[in-house]
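Listed after this line are the structures, all set down as structure tokens.
Two complexes, one shared chain (chain A), two partners (chain B, chain C).
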Partner chain A sequence: MKLSIGAVTEPGSTRINKTGSWRTFKPIIDVEACVGCGMCSMFCPEGVVYEVEDKYTIDYDYCKGCGVCAHECPSGAIEMVIEEK
Partner chain B sequence: MEELFAPGHRGCAGCGAAIAARLILKGAGKDIIAVSPTGCLEVISSPYPQSSWGVPWIHSLFENAAAVASGVEAALRALGREDEAKVLAIAGDGGTIDIGFGVLSGMLERGHDVTYICYDNEAYMNTGIQRSGSTPYGASTTTSPAGKISFGEDRPKKNAPAIAAAHGIPYVATASIAYPKDVIKKVKKAVEIEGPKYLQIHAPCCTGWGFDSSRTIEIGRLAVETALFPIYEMQNGKITSVKKIKRKPVEEYLKVQRRFRHLFEKEGGEEEIKKIQEIADGNAEQFGLDL
Partner chain C sequence: MKIMEGSHAVAEAVKACRPHVISAYPITPQTHIVEEISRMVADGELACEYIRVESEHSAMSVCVGASATGARTYTATTSQGMALMHEVLFNAAGLRLPIVMTAVNRALSAPINIWDDQQDAISQRDTGWIQLHAEDSQEASDMIIQAYRIAEDHDVLLPVMIGMDGFILTHVYEPVELCPQEKVDEFLPLYEPTQYLTPKNPLTFGPIVDPSMYMEFRYMIHEAMGRAKKKIMNVASEFRDKFGRYYGGLIDTYEAEDAEVLILAMGSVIGTIKDAIDELRADGKKVGLVKVRCYRPFPAEAILEAAKDAKAIAVLDKNISLGHEGALYTDVKSVLYNKGPLALGFILGLGGRDITKSTIENIVAKAQKAIESGRVEEESEFVDLDQEVL
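Coming up: the complex of A and B.
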């Protein structure tokens, strides 16, 4: 019996959708105020807040600007600013 | 930690289900096979021909995630490869608590070694916010709309964890995305236990519940702090851990969501809020939630 492979796709292939274009507000991390707790990274629905040497950085190619990171940051180190494109 | 749920998915900005999926995968690790029924998570993570999943993942129908997961688990055993991967079902409340409920019961009854996780956003969000069995009392949805007479959903939220526990399965737990370490810990624990496991993870939905996308976690925390979503663990039918809270009145949770707005604007709303407070009081008493 010949089996159809159905709709088999590559792992993580949604990466071609650059959802950063959805953004109306943009989170900006103040690295001086950041205490490195990582809650922004933990809560990001896109999983695009990355740790780089105890601080955090955002991949704006995918960030949709939801503002969860800024709202949850315990040290108030993330500010949402209007996106300029 | 390796990211197993890729960005570029079609979840709304601030999507609670996407946060749940990320946390579940952090807990379960990469050696799993995941099954999802139809639902938001399926739709956002598999826009044809792409996939957000970094683990083997299969979608079949709305009603059969538990049956597909059972089959995957049975196949692994038949091949003698059950040590290579754990089987997870990750499903919404519609696919779990309404449409897939009989199938889930069968899976629990047959004793498959599957971790079934329901991310609970309390309605059918992907099709346009229709009520489900998991919609809480008083919530307005498109099929339980608040109006001149109606105060929204007129039946209580179905107690799915209790029904799952009644099958005599080894592990049942609830969690909320507002407490991410708890979610990761419980998923990690569940996959290591042999037999059927049921987890229900509260995942607020900004689009369906009506709140700003930045408040997804805050709203989830309020549901727990008001005792409307109690967090506990059951092992072999006994409650083994409970998240204690310094309780807040239910208004604090209700007033920040559009789906409960009518309770504050309509005559008679106060009575309805009282009934919701009674539900919270009942939960607090049943589980001993108060600090």
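Coming up: the complex of A and C.
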């Protein structure tokens, strides 16, 4: 890919920037403990926690590991685990 | 030929370029330019969108937005206003938008001072704007037309500011020849942007660029600056062919061929220097001038070529990089490093202090003394300081 003059791009190009690479801690949802309240999804600043059949799952391509979801989860179902790279 | 105020000569040239959008905030001594343009728009002489804003930061931001849609844009400012534009100037250059601005030159606060020096433009040196400086009203006016040709060239695509000394040029009435509209239309075709914002084809201007690519974008601006040098020279020649007026390429020289002492400067002080040179030459002194027309990109090769046979070069700075020396002096020394003449730096004319012929003669005498002794006593010095009040 050749760079454009002035970095002008097609819209939506931020998707190229996979912010998952910024992560130091990775949130892991314990699906057994999860009560499906959706707090994690509402609080995630990246909007990358999705509901799938009453349970919640995380898009790790863009989760930057901020830990807000784990902090907000009322059931303590999210654990922040050190990222192995 | 018409006798008119320098500011109005600039406004007339802007009008002849048929800009689509103008946004400006009035500030002394730039006011007469934008006041006259807004009168033209109000009287229906100029069909363009004139956007009033609450600050220079907004004025430049409007120009950035308008230019991104492919509109030809213009603004003017000075001093504190130029300082307030600072961060947006980087964006205009980084987005490669060919905005043209008259950078009326004025000192910066504090203490507050509304008179001329070139600190404001010099302080925008590294923003990525092409920076030209005019000697008189005619050049300040003609350079507007040339500036669009340079800025909008697809090999360049960079904003251009034209330095114009506050009051000394903006408020002085002198004979000016205006460029006929038909000829300007032939010389300056419509701006054809390579990429522009339109609802039909959405684009992102200003995405985040991470460490893997940022440096490459900076390199591309730097390369465009390099290509601009040739463009500036070519446009000057084409302008001469079309309108019969020529101010030199990146630099101009006066009585420089056999000169032992060269004076190097920018802007309106050039006229005073030429008069002083005429008198010094009449006394048999071999003195000449290098007029820097283009400060960024810096015309290193042209200066070296002009100065290589001189014995001393006196660099006049109407600015100071506090804690070091005049900005032009630093640049000239780096060009002459290990070759060419002795270089002396003089800081003068700050905050509107007059620069007279005798000031220039004293500077030449100092340069001659340096030639005789073979060394520069004081690298950089203030000229005409009032020691009594210090």
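By our rule, the second predicted complex is superposed on the first by the 73 of 85 C-alpha atoms of A that agree within 3 Å, B and C clash if a C-alpha of one lies under 4 Å from a C-alpha of the other, contacts with A are read in each partner's own complex, and residues count from 1 in each chain.
We adopt the following convention: contacts are C-beta pairs under 8 Å (C-beta built on N, C-alpha and C of every residue); 3 or more make two chains touch, one makes a residue touch a chain.
What you see is a predicted model, and the numbers here were worked out from it, not measured in a lab.
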Just to be sure I read the superposition right, which of the two partners does A:K18 touch: chain B = first, chain C = second, or both, or neither?
first
Identify the partner contact of A:D59: answer first if only chain B is touched, second if only chain C is, both if each is, neither if none is.
first
Determine, under the contact definition given at the top, whether A:G47 touches first (chain B), second (chain C), both, or neither.
first
Name the contact category of A:A7: first (chain B only), second (chain C only), both, or neither.
both
With both complexes superposed on chain A, which partner does A:V68 reach: first (chain B), second (chain C), both or neither?
first
Interface residues of chain A shared by chain B and chain C, listed 7, 9-14, 17
Using the touch definition from the top, list the residues of chain C that touch chain A in their complex.
94-97, 157, 194-195, 202-210, 213, 216-217, 220
Which stretch or stretches of chain A touch chain C in the complex?
3-14, 17
Note: in the complex, chain B contacts chain A through residues 3, 5-16, 18-19, 22-23, 45-55, 177, 180, 206, 212-218
Using the touch definition up top, name the residues of chain A that touch chain B in the complex.
7, 9-19, 22-23, 42-48, 59, 61-62, 64-68, 70-72, 80
